[in-house]
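Each of the next two complexes has chain A plus one other chain: chain B in the first, chain C in the second.
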Partner chain A sequence: MNATLFYVTFALYMSATAAYLVYLAKPSESLGKYARCLLASGFVVHIVFTIHRYVVAGHTPITNLHESLSFFSMAVVGVFIFIERRFKIPVLGSFVTPVALALMGVSSLFPSAFAPLNPALKSKWLVFHTVVAFLGYASFAVAFGAAIIYLMQERFLKKKKLGGLFQRLPSLNTLDEINYRCLTFGFPLLTVAIISGAIWAETAWGTYWSWDPKETWSLITWFVYAALLHGRLTTGWRGKKAAILAIIGFFVMLFTFLGVNLLMTGLHSYK
Partner chain B sequence: MNIVVVGLSHKTATVEIREKLAFSPTQMEKPLSALLAIDGITEGIIVSTCNRVELYVTTRDIAGGIARVKRFLADYHHFPLETLEQHIYAIHGEDAIRHVFRVASSLDSMVVGEPQILGQIKTSYGYAAEYRSSGIILNRFLHKAFSVAKRVRTETKIASSAVSVAFAAVELAKKIFSDLSDKTVMLIGAGEMCELAAKHFLNSGVRGLMVTNRTFERAEKLADEFDGKAVRFEDLFDQLHKADIILSSTGAPHTIIGAGDLEAVMRRRRQKPMFFIDIAIPRDIDPAVNDVENVYLYTVDDLQEVVASNLQQRSEEAKKAEDIVSEEIGQFFKWLSSLEVTPTIVALRTKFDEIRRVELEKTLSNWKDLPPDGQKRLEALTNAIMNKLLHPPTALIKQAGQGGRTDLYVDAVRALYGLEVGGSGQDEELELEE
Partner chain C sequence: MSTNKRNFVESLWDFFCSLKLSISLLIGLALTSIIGTVVPQGSIPPEYLQTISESKFKLYQSLSFFDMYHSWWFMLLLYLLTVNLVSCSIKRLPRVWKMVFEPQLVMDEGLEKSLSLTHEFKISGDAVTKLKDFLASAVATPVVTETDGSTHLFAQKTPWCRLGVYVVHLSIIIIFIGALIGSFFGYKAMVNIPEGMAVDTVYAPGDKAIKLDFAVKLEKFSVSYYNTGAPKEFKSILTLIENGQPVKGYEKVPVIVNDPLSYKGITFYQSSYGQSGEGSLYHFNVSRRGGSGGAQLDLKKGEQVTLNGGATLEVLEATQDVRQFMPEFSGPAAKVLLKMPGKAPASFIVFKNHPEIEEQRKGELVLEYAGADEKLYTGLQVAKDPGVWIVWLGCALMTIGIYMAFFLSHNRVWIRISNGRVVMGGTASKNPAAFESKFEALVEKVKALK
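Let's turn to the complex of A and B:
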C-alpha cells in the first residue's frame, strides 16, 4: 500500500515533469494547465503517502533517507505550487519539477522498510525541526531553479541572442523577485531549524552545539544565505550575483543534507 | 446569392490613388445607401483604411454586380473608370471569402500581423449595421471573419513579436524590468527615432521622462511636449542614476557615456538594472557598457536584428494562419450555399404537395364507393410518386450546394417550376445538415 502510493506519486511527478519540459519547448495554455494538474495530483497523493506512513510507523516519517528525500521532494513541490500561483510562470516548473523528480528517484534507491524509531529521535522536536528544515531547503531549491533561468536570460540579453527560448522565459525582474522571496522565506526557516536543533541537542545529548559535521555544514549553509541576504539588503546585490550565490547555496545545502549523511559519520548520520 | 469583393489595396495601388478613392469614416451613410441603391446589390459594406478601399456586396448577378460596383466607386469619387480598372480587383465566391478572412486576420496587411486592421473592419461593419446596409449574409460573413481573425490571433504567434525598432525596445525593456509603470526613461539628445521610441515607452505606461540636451532650451521644449523633466547636460551624470531606460542620440563625435562612468551610477542605484539604447551614429555609449553588471546596451543595429528575426518568425506563423483560414472557408461556404438550397427545396416540396393534395381531394370527393382503407392507400400512393419524382432533383441541388455551384441549379429549379422563394433564406438558423 505504502509503496504503491510512493510509486503513484513518482509516476505523476514524472508525467508532470515531462509535461513541463514539453511546455518549455512549445508552450500552450492547455499544456500548462495539464502539467499543473498532474503535479497537483501527484502532490496530493504524496501527502496521502506521508500521512499513511506516519500512521503506520507511528512517528514523523523523516527518519531515514528514503523518507526524508521523499519529504524534501514534497516540500519542493509544495513551495513551487505556492510560488507558481503567485507569479503565474509555469515555465519555472520546467526547472523545478526535475529537481523534485530527481529527489524522488534517489529516495526510491534507499530501503523503504519501516524500522523502529531510533531512540535518539524519539522527541517532540522531531516534527518541528525536520519540517521547518525541509521547508527551508525547498524554498532554496525553488530559488535555485529561478537562479538557473536568470543566468540563462541574463546571458541571452548580454549576448543579444533573443531566440524563442528567451521569449518563453520570464523577465529578469520576475526571476530576481522569486529569488528574493524564496530567500526571505527560506532563511528564517533555516535559522529556526538550526536553533530548534540546538535546543533539541541540549535535551538529547546534553550540549547545544557539538560541531558534528551536520551542525558545521548547516552553519556554512546558513552563512552562505546570510551573506546573500545581507548583500541584497545593504549593497544591492541582485541579479547575476544573487543568482550565482543562490546556486552555490543550493549545492552547499544539498551537501549538508546528503553529503554529510552519506560521506561523514556523526550524530546526524541516519541512513 | 454571391459574395463579391471589389477593391484596391496597397498591393495594387499607390497611396495617391488610394486616398482619392477613400471614403470618410465619419460620413458613411451616403455611400452605403448609394451602394444599396445599385440594381442587383442586396447587401453592402465599405471598408476604407489608409491601406485599402474595399466593398463587400452580395448579388445574384456576379458579372453585372461587379461592373456596377466598379462604376459606383469611380462615379462616387469622380475618378476615371479606365484608370481605376488598372488598380482594382474583383473577386467572388470562395476567393472573396478567403480574401476577407485574410484581411481580417491581418495576413494581407502591409506589415503582416499588425493589429489595427481588425478594429478597422469592425468599425466599418458597425456603420453598415447602423445604416442597415448589411443583412443576413454579410452579418454572418463578417462575424465569421472576426472569429477567424481571433482564432489566428490565439492559435498562431503572428502578432506576438515586435516588428518595429521602437516596439522591439519596449519589448526588451519588459523582459528586463517586467513592469514599466515605475520606470523612468531618459532621452539624451533629440531625433526622430529617439522621440518615437520615447512615445512608445510613454504609451506602455512608464512613470516619468527626463530629457537632456546640450542646448537646454531644446531639452525644455521636448520635455514640455512629453510632459517630462528637463535636465541640464552638465548634470547628466548627477541625474543618470534616476533613469532606468536611456535613449541616446546626440550628434557627439565621440562617446559620452563610458563603462567607468557607470560604476558610481550603479552604486547610487543599488545595482538596479539599466537599459541603454544607443541610437546615435557614431555611437554615444561605449560598447564596454554592456559588460557592466546589470547593464544592458543595445544599438539600433541590434534592435533591427531583433525586428528582422521577428519578421521571419511572422512569415512562418503566417503559413499556419493560412491553414486556419482555409479550414474556416469550407464551413462558411456550406452555410452560404444552404441559405439558397434549403428554401428552394422546401418551396419545391410545398408546390408538389399542394398539387398532390388538390388533385387527391378532387378525386376523393367524387368517389362514392371507395373502400374504407382506400383513402389511406391513395394517400400513400400519391405520396410515394411525389417522393420518387422529387428525389433526383433534391439530391442534385444538395450536392451542388456542397460543391459550391448552387446558383445554376437553384435558378433552374426555380424557373422550371415557377417557385417564389422569399429573400435569400429568412431564417438564419437554416442549416443544411445531412
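Let's turn to the complex of A and C:
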C-alpha cells in the first residue's frame, strides 16, 4: 500500500516533468494546465503517502533517508505550486520538477522499511524542527531553479541569441524577484529551524549548541544566505551575483542535508 | 595632526559601518567554520597522530584547528561581526527612527517626484471629509495638515516593522552575551552512577572534579527494546539527596532521553549506560567430574575464591548476552580463570545455555554458569548554564525581528487636495509589485467615491 502510493507519486511526477519539458520546447496554455494538473495530483498522492506512513509508523515519517528525501521532494513541489500561483510562470516548472523527481528517484534507492523511532528522536520538536527545515530547503531549491534560468537568460542576452528559448523564459527581472522572494521565505524558515533545533538539543543533550557537523553546516548555510541578503542591499549584488550566490547557497544547503548525514559522523547522522 | 587623527577615526568608523565588511565577515565565518567539521574537534594528540604527520599536527595545533570554535581567531571574527553590526545599526538607526516616529506628513513636489506610484484626478463635493473617512477605513486614520490652500492627508500601516532589522541585530548580541555568561559561569560535565549508589561529584572535560551541593542517587536503570532488538527507551530513576535527606519532589524521578531533570540550575540528561562491575554477583555451580551435586558459588568480579581441594576461581569478565561477541552462541556467559593446584592457570568461557562446551573441556572440575545479578550504571550529562535564558530571550527576539523584517511592510499613502484636484501617492517598504496592485485598487475605489 505504502510502496504503491510512493510509485504512483513517482509516476505522476515523472509525467508532470515530461509535460513541463515539452512545454519548454513548445509552450501552449493547455499544455501548461495539463502539466500543472499532473503535478498537483502527484502532490496530493504524495501527501496521502506521507499521512499513511505517519499513521503506520506512529511518528513523522522523516527519520531516515528514504522518508526525508521524499519529504524534501514534497516540500519542493508544494513551494513551487505556491510560487507558480503567485507569479504565473509555468516554465519555472521545467526546472523545478526535475529536481523534485530526482529527489524521489534517490529516495527510492534507500530502504523503505518502517523503523522504530530512535530514543533521541522521541520528542515533540521532531515535527516542527524538520518540517520547518524542509520548507526552508524547498524555498532555496526553487530559488536555485530561478537562478539557473537567470544565468541562462543572461548568457542569451550577452550573446544576443534572442531566439525561441529566450522568448519563452521569464525576464531577468521576474527571475531576480522570484530568487529574492524565495530567499525571504527560506531564510526566516532556516532561522526558525536552527532555533528550534537549539531548543531541542538543550532538552536532549544538555547543550543548545555543540558544534556538531549538522549544526555547524546549518550555520554555514545561514551565513551564506545572510551574506546574500546583505549583498542585495548594495546595488551591485542583485541579478547575476545574487543568482550565483543562490546556486552556491543551494549546494551548501544540500551538503547540510545530505553530505553531513552520509559523510560525517555526529549526533545528527541518522541514515 | 588633529585632522589626520580625525581622518583616521573617521575612516575606521566608515570601515566598521560598511556593508562590505559585514559580507566579508559572514563569508569568512562560513568558510572557516568548515575546518571544524573536517578536522575532529577535541580529540587527544595520539588520535590525531594516527592520521596526520607530526609536522601537520604541529601546524594545526598552532592554528588551534583542534578546538577552532574557541580559538582566538574565530572569536576575533565573531567580535568583529558584533562591532560591525553595532556600528551599522548606530549609523542607520536614527534615520529609520525618524521615518517611523516623525513621518513626512506632507507630499511636496520633491516627494511626489520620488514616488513611483502617483495618481491625479478630480473629485466633487467635500473631498477632504470623504477622503479622510475613506483612508480611515481602507488604510489607517490619516493625519491632516493644512498648508497654503492645500489639505494634506497621510496614512500609514505598521511603520515600526522597519525596526525589525535592528531587533535581529540586537538579538544576535543578546545571544552572544548569553553564550559568554554560559562559558564563564557554567560547565558541562559527566557522571556515571551504578544502581543503588549516590554521588555528589561530577567530572568536567579533563577529569576536573566539580562538587555539587547535593547528591544524586540512581535507584534503578532500565532499557526497553523494540521487537527488532533496537533500543526503545533508556530510563534512570533518580533521587536527589540534600543534607542526608531526600529532596521533596525530587524522589524517584524518571529521566529519559529528551526529558531531563533540573535542580538548582543544574540539569541532568540521560546520556549513556553500561554494566557496572561493582556489586554484581556471578552464580556458579562447581562439581567434580563424575561426582554429583557440587557446590554453589557466588563470585564478585576480580575476586579469587578458593574451592575445596585448593583450586582457585576468578571471574574475568561476563556478559548477559554473548551473541554480540560470539554470534554462534547465545545467553549469558562468563570468562573465568581457574587454577588447579600444581597446574598452569587456565582461562576459558562458561556458557549458561551451552553446558556441552564445558563437557568438551574435559576438566577435572565441571563448572556451570547460572547467570548474574548484574548491576547497571547510568551515564548522565550534567550541565549548568546560567546564560541559557538570555540565549532564549535572544532567540525569541530574533524570531520577532525576522517576522517584522520579512513579513510586514511599511505602507504609506499621501493625498494632497487643492481646489477639488486630488493627487494621491504611495510607497511600500517591501514587495513593491504587491503594493502596486493594492494601490491601484485603492485609487479605483477613491475615484468611485460619490
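Just so it is clear, the second predicted complex is superposed on the first by the 268 of 271 C-alpha atoms of A that agree within 3 Å, B and C clash if a C-alpha of one lies under 4 Å from a C-alpha of the other, contacts with A are read in each partner's own complex, and residues count from 1 in each chain.
Just so it is clear, a contact is a pair of C-beta atoms (placed from the backbone, for glycine too) under 8 Å apart; a residue touches a chain by one contact, two chains touch by 3 or more.
This is a predicted model, so every value here is computed, not measured.
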item	value
Partners on chain A (chain B, chain C) - clash or fit	fit
Superposition-derived comparison: chain B or chain C, residues of chain A touched	C
Following superposition on chain A: angle at chain A, chain B versus chain C, Cα, nearest 10°	150
First, second, both or neither for A:116, with chain B first and chain C second	second
Partner chain(s) touched by A:217 [first = chain B, second = chain C, both, neither]	second
Which of chain B and chain C A:241 touches, first, second, both or neither	first
Touching partner for A:171 - first (chain B), second (chain C), both, neither	first
First (chain B), second (chain C), both or neither touched by A:184	second
Which of chain B and chain C A:48 touches, first, second, both or neither	neither
Chain B versus chain C as contact partner of A:127, first or second or both or neither	neither
Minimum Cα separation, chain C to chain B, after superposition on A (Å)	6
Residues on chain A engaged by chain C in the complex (per definition of touch)	115-116, 118-120, 122-123, 177, 184-185, 187-188, 191-192, 195, 198-200, 202-209, 211, 213, 216-217, 219-220, 223-224, 226-227, 230-231, 233-234, 252, 260, 264
Footprint of chain A on chain B - complex, ascending	160-161, 172, 174-179, 269-273, 290-291, 293-294, 296, 298, 302, 305-306, 309
Contact footprint of chain B on chain A as seen in their complex	153, 157-158, 160, 162-163, 166-167, 170-174, 235-241
Sites on chain C touched by chain A in the complex	19-20, 22-23, 26-27, 29-30, 33-34, 36-37, 41, 69, 179, 188, 226, 228, 230-234, 256-260, 267, 269, 271, 381-383, 385, 388, 391-392, 395, 398-399, 402-403, 406-407, 433
